[in-house]
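The following block contains the structure, expressed as structure tokens.
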Amino acid sequence: MNDHPAHLLRRLVAEFLGTGLLVTVVVGSGIAASTLSPDDVGLQLMENSIATGLGLAVLIVVFGPVSGAHFNPVVTLVDAVLSRVSSARARSSTLAGYVAAQVAGAITGALLSNAMFEVPMAISETDRLSGGRLLGEVVATAGLVLLIFALTRTGRGHLAPAAVGAYIGAAYWFTSSTSFANPAVTIGRIFSDTFAGISPASVAPFIGAQLLGAALGAALTALLFPATN
Amino acid sequence: MNDHPAHLLRRLVAEFLGTGLLVTVVVGSGIAASTLSPDDVGLQLMENSIATGLGLAVLIVVFGPVSGAHFNPVVTLVDAVLSRVSSARARSSTLAGYVAAQVAGAITGALLSNAMFEVPMAISETDRLSGGRLLGEVVATAGLVLLIFALTRTGRGHLAPAAVGAYIGAAYWFTSSTSFANPAVTIGRIFSDTFAGISPASVAPFIGAQLLGAALGAALTALLFPATN
Amino acid sequence: MNDHPAHLLRRLVAEFLGTGLLVTVVVGSGIAASTLSPDDVGLQLMENSIATGLGLAVLIVVFGPVSGAHFNPVVTLVDAVLSRVSSARARSSTLAGYVAAQVAGAITGALLSNAMFEVPMAISETDRLSGGRLLGEVVATAGLVLLIFALTRTGRGHLAPAAVGAYIGAAYWFTSSTSFANPAVTIGRIFSDTFAGISPASVAPFIGAQLLGAALGAALTALLFPATN
Amino acid sequence: MNDHPAHLLRRLVAEFLGTGLLVTVVVGSGIAASTLSPDDVGLQLMENSIATGLGLAVLIVVFGPVSGAHFNPVVTLVDAVLSRVSSARARSSTLAGYVAAQVAGAITGALLSNAMFEVPMAISETDRLSGGRLLGEVVATAGLVLLIFALTRTGRGHLAPAAVGAYIGAAYWFTSSTSFANPAVTIGRIFSDTFAGISPASVAPFIGAQLLGAALGAALTALLFPATN
């Protein structure tokens, strides 16, 4: 938990790689699913959601001991708010580093998927805007934040890989937006005009809804799991 | 385990949110599945059942430490009966509060699903009555109750999220009723005329079968796992 | 670990219920799968195998502390052989009781599935005999026995629910016989002329192959995990 | 951790059986999937990937305590490099024995699948060469190596079965090559002209990419999880 540069650098590398590979999983499995199961969008989403749930769990296992495995700016932000004074991680320079590493990783991950599947580089044209989908993002992000900080505040961080993977695997289905729930991943998904893509015009409203959801999730955490100190 | 009002309030909020989000998962993933996989009802049910199993496990992880994560009036009722004298939770006022929170949550969860998927508000017209399906509800609920209290009586409550999620994921398939097994969720599912809906006329017989199954499950628990005191 | 009648009775009830519900899961989910996904046998098998893997894991969780959750005559038999002198369980009267409870449970479980799904009572006409499938049963049963007693001999019995459930979920696919691997369940599956059924004429060769596989699995266990005493 | 011949023999048997059964799972479930779901390659891959993920997890559970459950020459090689001086396992004779057992097991496992499914013996004609797929193998193998040695270096080897199984289940989808990630398994898969086969001409480039990925994974391990001694 010290914070000297070498350690911080490793943490930033972990956030870059973890967020990047998360986008690779989401985008790559989306390309495979839509190519291999062309006749049923539900089957494509099942293939995509199972791969993402499993892959995300593994990424948290790998990078959790290094960086905490946030992979998500709203998680980093809520972590800074909820654990304010007591943690060195909350310092704003670290926070900015985390978010920058996450966004850079997410974009790189989308490009890596395109390269593996030999898909031409293109900006996504998938318009995802609708009132229902924005509500979906609020719900998805609130649930994600509540889950993560419920685990933190009850000393059950070891359950995070399975629980967060399961949550996202389910949230692909029970939210109307297929649960982006992550501003960095949302930005990364601009850079692949494939199954999991999102057009630039949809991104800002999605991120707005995610921030609202994060605030709601943080409030529920404070209500249900008051800090012990 | 104390019982002063603030604590009870948190527990009721947890039951309201947990039962509500359980119905959101069931109904929401049902809407997504039937929309995206229009040609195969089995594929729809697989998408619906996997999402529900994963989502239910996560909800138990999140709310278990607060309220015990009953989310189900028959679980609350059997808990009161089996742990009678020794637990403050069994007091009738708490029991009534739990059931009220569960039913209110379930209805709210169905409405949230409708809103996310922009489905018009309507009462379900899905008639689910048949002798075989009522037998299915008896079996489904007996198994659920036996599972939960087998875990409780052998000190393995930490297995509940994975085990209950897996149980429901399987019971969608091995019972003819797709395993409602929960009076509050059954009532909530009236309020969405979509894949997971149930018409009001089917509800009372379903709840009757669930109560019978709960009694059977409690009897099996008492036989196989006699209380240690 | 004592062996007075009441305790033995509970163990036999657990074996009866556990084996019975295992067949209910196998046969019931098979009926649901073939009814709801009529156009793709692979999809049916996936629905059937996922439900079975999850359901079996839960049954081991529930009944394991009572009877050891054998649910399978070859497991009971190998357990008696490998733990010979040291365990009261190995006594032949207990062994006979276990096997009788397993077979009676398996038949009852098939009948319960038929009742829930309102399928007429009929003996299965599904011929499953072929040289490749019998080899499949040898492999499936050897692997199951090796898994179970590897866990026992390394003190990792707590992994049995997840590991055995995962094993069967996979063995539906990697063996050509869909992995019956259990004489009691094989007999039970005679009594439903549906997806998971087996004609009486195929049963004896299947059980012979299972016994051969069990011997192979026991030999591999003895080779790789020599008893510590 | 001693190294007398009997112990080493058991370890080699474990590597032979484990790698062999892994290929049996991959090839056998591939044959079942392509036979039973002829109309949708994505559905075939989902059936194949779920069976493989579950089966691999079980094989690590079974053989891990005996041999470490490498089942993969690049894992054995990286293990020798990363733990160099301190471990008897790293001795080159042991290394050669492990690799030989893995390759012999892999070929045997393919032949066993052919026998169970009564598929004629034939060399695969499936050409898998492309730049994107080779990049996929680099990514798949780097991720596998990083995962395994992240677990080792953080003392969480007990998570390996679930984590490695989940990783491969996801990597079937997010890499364009369906994630062979294993030279022994790649060689084994030559010997079945079915869904999971690979033509001999594709093998050497695949293994080259895997070695490159292994080096990358080892480098990332050294960067993120520096050895504690």
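When the chains are written out, they are named A, B, C and D in that same order, and each has its own residue count from 1.
Definition applied: contacts are C-beta pairs under 8 Å (C-beta built on N, C-alpha and C of every residue); 3 or more make two chains touch, one makes a residue touch a chain.
What you see is a predicted model, and the numbers here were worked out from it, not measured in a lab.
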item: Co-neighbours of chain D and chain C - touch as defined; value: none
item: Copies chain D and chain A - interface residue numbers shared by over half, same or different; value: different
item: Centroid-based (C-alpha) most distant chain relative to chain C; value: A
item: Rotation angle (°) superposing Cα atoms of chain B on chain D, nearest 5; value: 180
item: Whole-Å gap separating chain A and chain C, where each centre is the average of the chain's CA atoms; value: 41
item: Centre-of-Cα separation between chain C and chain B, whole angstrom; value: 29
item: Chain D, residues touching no fewer than two other chains; value: 40, 43, 46, 50, 162
item: Touch-based graph of the chains, sorted into line, ring, star, complete or other; value: ring
item: Every chain pair in contact, whichever chains are involved; value: A-B, A-D, B-C, C-D
item: Chain A residues within the chain B interface of the complex; value: 40-43, 45-46, 50, 53, 130-133, 135-136, 139, 143, 146-147, 150-151, 154, 156, 159, 162-163, 166-167, 169-177, 220, 223-225
item: Chain B residues within the chain A interface of the complex; value: 10, 13-14, 17, 21, 24-25, 28-29, 32-33, 35-37, 39-40, 43-44, 46-48, 50-52, 54-55, 57-58, 61-63, 65-66, 112-113, 115-118, 161-162, 165
